[in-house]
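So, here come the structures, one by one.
Across the two complexes that follow, chain A remains constant while its partner is chain B and subsequently chain C.
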Partner chain A sequence: MIKITVKVLPLLMMCASLQLRAQEGRVTGNFQGDFQYYISDTTINAVSPDERLLMNSYANFTYHKGNFSAGLRYEGYLNTLAGFPGEVCRNDGVGIPHRWARFSKNGLEITAGNFYEQFGNGLSLRTYEEKNLGIDNSLDGVRVKYNPVFGLNITGLVGKQRYYFDYGPGIVRGFDAEIGINDVIKPLMDKMLRIRLGGSFVSKYQDDNDPVYVLPENVATTAARLNVNYKLFNLETEYAYKINDPSQDNNYIYKPGQAFLATSTYSQSGLGILLSTKWVDNMSFRSDRNAVLTDLNINLLPEITKNHVYTLAAYYPYATQPAGEWGIQAEIFYKFKRKTTLGGTYGTQIALNYARVHNIDKTQVSDTIPLNAMGTDGYKTQFFSVGEELYFEDINVEVSKKWTKKFKSVLTYQHLTLDNNILLQSEYHGMIKAHIGIADLTYKLNSDYSISTELQGMFTDQDKGNWALGLIEINAPNVFFTIMDNWNYGNPEKDQRIHYFTLGMGYVKGGSRIQLSYGKQRQGVMCVGGVCRMVPASNGVMLSMSSTF
Partner chain B sequence: MKHVFFAVVLGLFFSVNLIQAQSFSNVQLKTLERQTVQSGDVIQNDEGPVLLCFWATWCKPCIKELNAYNELYPDWEEETGVKIILISTDNARSMHRVAPFVNGKGWEFDVYIDANSDLKRAMNVVNIPHTFLLNSEGEVVWQHTSYMEGDEAEVYEQIQAITVNNE
Partner chain C sequence: MNIQKYISGLKIIGHISVVFMLLGVLFNACDEIDEPYIEEDTVVWHGRKILIMEFTAHRCPNCPEGHEEIENLQSAFPDAIVPVAVHCGIDAMPVTSDTTEPYHYDFTSDISIELGGDGGITSNGYFNISSKPTAAINEFAPGNLFNVQAWRSEVAKYIQTYPEFSIDIDPDYSEQDSLMSADVSVEAVLDSKRNLHLCVYVVESNIIEWQKTLEEPDGVEDYEHNHVLRASMNGVYGDVVSADNAAITVGDEFTNSYSMAVDDQWDLQNLHVVAFVYDSDSYEILQSEEIPLFDQ
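So, the complex of A and B:
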């Protein structure tokens, strides 16, 4: 761990304000700072921390010169914002936990230090950062990428995973190769049928210091993928297999893991169709077998449900169940052309989406051993087995239409079913069924000013009952103002029928943005890119700043 | 100590606005057919400037912004030679939606996928939507983050400005 004191910061600032550039090189970077002043609010169980004011901040500086580049990221958590992983002092402080140097020439790229990497769809390896969730599982080590001929890409890496300002205990080694058959075999270059093959091997090493069980110290995952493209049709599949990896996630069973993902698409101008399926069996893969939550994941098991953007549509998000799940998704995008009955003057866009996720079939390894018993093979299952238990179902339709030069709308209807005993979105036990309706209306007052409103409603007999949300946003040149009320008017407990008011304003100029807001934030699950974290209820003032330079 | 830190951070924030000129970085991207390409090889335009837009299928303002650009693109292209290139930051969850999504919207842009945000990071993008305007030498001459209704007028002014300068 490299830590610096705040005394180093003025130097960093000077670098930026003096527009530091070496004679032939250049410095680029960005900055992000999120500050929140907390106010205790007993109506929503929001607690003010001892510090009252908390902050997460990041600043990247990258130096480029010819084929060489190097960078570092300063991070400061004084102290960590409420709800972020590692907030229990684990992540508090300041430091430079991310630094790297890279050289690339003639198809060869060598990186030393921290880096992010993804093999295929990420079933075997994906290291990434998501600041809004407090996730950064970058590897610190060495990575070599080689592209000897067009269409052939090879990657090898070794490293230890970042764990807040420290490292996880394991060592990760990985290799990936991908070849475009039509790119490297000249007679096939002009064929309409295009095939791409890829494979990866990822291994982690962690000491076995368990007093009871003999645990595998080297755990490997192998994955193979195939992509077939023919005219407007595309098929992409990946299968991954992991040897037995007893861990906290799987209750220390000795069963191997598997994951399968397949997606096919067909698209032409005005029409897009997507069909995908996924099957996961005991496929959690971390560089520390005792890690939990979002810590030290080596791979990513992507959800194949729609990532909703509106607040109430995203109220009950889905999160992959690494212990086992089967899912399907179908989606159609269609644009009714201009000057047709349904298209009107400007055209009408429609999107239909359906997703369904079940458990997988699991049977006991013997009559005397309960399912998933610690220290056993856990359970038996057939490849691509589908259980009868429904985890999640989402059917939704969205219609976008521009009516006049000044007025446009997006209307959404969604019906959700989820098993909250599995997804744990709140304290409620059992199945939750909800209908959600959303109207997003935008009116352009003139070339500089516009007003947007969102009217959202969620109707359910379970959990916290019905919600309504109203949002007004006024946009002017470089400035915006928002007012929002999220009202839990149908809560079964009358004293919990709370208005979550928020007021906000922001200023945007070039690559910089500053936003100030005040209000209540409900407790809930926040998801970005398929990964989620619990957000505690809070009340207070939030200031966010970001800039790219 | 905390106050010193905040003062430093605020100073840093406002000082960085003075800094301009960021050249384009070279990393691996995927085409919609999943071919691996180098960003430097595909983000270019012999005819004029490039408008490089970072977006995702789950980003509401991004979609509003790109719908607006799509309506104006034929005129912009004809008048300035600008090429609009989209960089999707959809990850493994949603990157498969990009091709049907773009075609379903009827967008006529070039689209590449940056599934692990390598180009996003290399270009120091914090939030999406984030738009860069590159001149014919591939240098960043203007950038803008977020989208508000009507922003496309400013974008077009900037495109025209560098087109006129080049002439």
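So, the complex of A and C:
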């Protein structure tokens, strides 16, 4: 574990304010700091922490010179903002948990230290950083990338995963190779049909200290992928298989895991079509078999539902179920041309999206062993089986239209169905059905000033009932102001029909941004890419700063 | 067709060969575990609770041996043992009504005599008890009684098997009318076709009274009596939960509510509700559960 004292912080901050261009190299970097002052608010069950003020901050510094580069990231959590992972204060403190050096020469690239990597779609390995979720599962070790000939890329790595300011107990070893068929076979170089093949193998090692179960110490996932491109059509598929990996996630069953992903797209001017499907069976893969929540994931099972950006559309996000799920998604984007009946003067864009996720079929391994019983093979299933339980369904349509030179609108309708016994987005038990309507209107006053408003409504008979949201944002050169009210006017409990008011303002100049807001934040769930964290209710002042150089 | 003419050199084949060799090496770097998945000589409890219906008496000097074995089993398998002490037979009867004298306390009840008899004065009870200590282990049938030395091996038969049902007990007490109640739900964990009965009993622990022992033939005055069967909330043999060999599927739930008057001799703080579900054809007790009337 590498930590520095808080005394180093001012020095690093000073560095962040300068753009250093050493004579023989170049330094780049960025800084982000999020500060929140909490106020206890019994109406929303918001509790102020003992510290009152909490902070998450990061500063990246990267040095480049020729084929060589090196970098580090200072991180400070004093203490960690409420709702971010890291139980028992594991994430609190300051330090430099991320540092690396890299050089490349003759098709060879070697990285020592911390690095992020993704093999294929991530079914076998994806280490990444997502600050909004408090995730950083980077590997600390050595990675070698080699490009011996054009069209063939090979990657090998060994490392331990970052676990807040420490390391997870496991060691991760990975290997990936990808070949572009058209690149290495000369007669195929000019063909419209282009094919890429890839394969990866990722293995983790963790001691078996369990007195009861015989646990595998080396667990491997292997994946194969195919990418076919023909003119405007593209198809990406990947299949992954994991050997027995009893873990907290799967209740310590010994069944192997599988995952399959296929995404096809067709795009031409004004038209885009996406079809994708995913099938997952016991495919959680972590470098610590006892880890939970967002800790120490080696792979990432990509989401197959739309990641909504509007507040109420994202109220019930979908969380990937590594234990088993089947899903499909279809999306059509079409642009009605200018000067047509539906296109009007400036054209009209319409996006229709549908996603549906079910459980997979599971049957008992024998008459006397319940499903998913610890220390057994867990269950039996057929590849690509689809269960009868609906986990999630989202149908939504978004129409974007510019009416005049000064006025444009985005109108959205969404219908959601989700099984909250599985997705656990709130304390409500059972199925939730919701209709959501959103109008996003922007009026440009002149070339410098504009005013935007969002009117959102969510209508449901379940959970906390109906919500309404109103937002006004005024944009001026370098500054913006926002006022928002998120009102739970349909809560079945009358005293919980609360207004969540927020006032905010920001200043943007060059690569720097500072934003100040005050208000209430409702309790909820935030998901990015199917990975989620709980957001506790809070009331207070939030200051966010970022800068790049 | 000479493929090498078109491929950018033999070295690609070389590189691909290295890739496959590396993959081959890596494929061997994983441990595929075959059954059994449990370390040798290890006992794993999967949640099936074992009901020990122990037949005992306060003037039976051998009976503390049974009480001790129950404690040993509870230590060896925490949470897995549900004991019910059925005081029965002549040596369970009080010898005097003088509360200052030893063995005045009456541990028997209608249900304990029904199950264990009165020592042959009128009957030996449903379980045909002729000697003590003895116990029925996870069976609600006469004829399969075991002496203390066999209890552990009988428990071992069931301890690693999976429960077919889970039982949830939600007890309550109304001070106003001295009524205790319990909502009992039985949920299927495995698919089956069975005829089922559910029994809901009340037991009391921490009763400090006289008990004869081998070491103290006259008895120990402050002996702690536990799990003493007091009454049933739904009859000695319980209610029918499922009949006609109806198919029971995972997730099926059977819920009943019971209530009964509390005897003023009982200490409410030491009362527990015991529920068990048994197959009324094979008499095997498939799951049992115990919960204190008040949170401890």
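Keep in mind that, in the parts below, the second predicted complex is superposed on the first by the 538 of 549 C-alpha atoms of A that agree within 3 Å, B and C clash if a C-alpha of one lies under 4 Å from a C-alpha of the other, contacts with A are read in each partner's own complex, and residues count from 1 in each chain.
FYI, a residue touches a chain if its C-beta (ideal position, glycine included) is under 8 Å from a C-beta of that chain, and two chains touch if they have at least 3 such contacts.
Predicted model only: the values in this text are computed from it and were never measured.
> Once chain A from each complex is brought into register, does chain C clash with chain B or fit beside it?
Once both complexes are aligned on chain A, chain B and chain C fit side by side.
> Please determine whether it is chain B or chain C that touches the greater number of chain A residues.
On the superposition, B touches more of the residues of chain A.
> After superposition on the shared chain, which partner residues are touched by A:Tyr128: those of chain B (first), chain C (second), both, or neither?
In the superposition, A:Tyr128 contacts chain B only.
> Just chain B (first), just chain C (second), both, or neither: which does A:Lys335 touch?
first
> In the overlay, answer first, second, both or neither for which of chain B and chain C A:Ser512 touches.
So A:Ser512 only meets chain B here.
> Which of the two partners, first being chain B and second being chain C, lies in contact with A:Arg196: first, second, both, or neither?
first
> One more residue to check, A:Gly156. First (chain B), second (chain C), both or neither?
A:Gly156 contacts chain C only, not chain B.
> Is A:Asn290 in contact with chain B, with chain C, with both, or with neither (first, second, both, neither)?
Neither partner.
> Would you give the minimum C-alpha distance from chain B to chain C, in Å, for the three-chain superposition?
Nearest C-alpha atoms of the two chains are 18 Å apart.
> Inside the complex, what are the residues of chain A that reach chain B?
Residue list for chain A touching chain B: 6, 9-10, 12-13, 16-17, 19, 26, 28-33, 35, 55, 57, 59-60, 62, 64, 69, 76, 78, 94, 104, 116-118, 121-122, 126, 128-129, 145, 147, 151, 153, 178, 180, 183, 194, 196, 227, 229, 234, 236, 263, 265-274, 276, 300, 302-304, 307-310, 331-335, 346-347, 349, 351, 400, 402, 440, 442, 444, 447-450, 452, 475, 480, 508-514, 529-530, 545-549.
> Show which residues of chain A lie in contact with chain C when the two form their complex.
Chain A residues touching chain C: 148-150, 152, 154, 156, 173, 175, 177, 179, 184-187, 199, 201, 203, 210-220, 222, 243-244, 246, 254, 364, 367-371, 373-377.
> Would you pull the chain B residues touching chain A in the complex into a rising list?
Residues in contact with chain A: 1-2, 4-6, 8-9, 11-13, 15-23, 25-26, 28, 32-36, 57-60, 64, 67, 71, 91-94, 96-97, 99-106, 108, 115-118, 121-127, 130, 142-146, 148-150, 153.
> Show which residues of chain C lie in contact with chain A when the two form their complex.
6-9, 11-12, 15-16, 19, 22-23, 26-27, 29-33, 35-39, 42, 44, 46, 161-163, 189-191, 250
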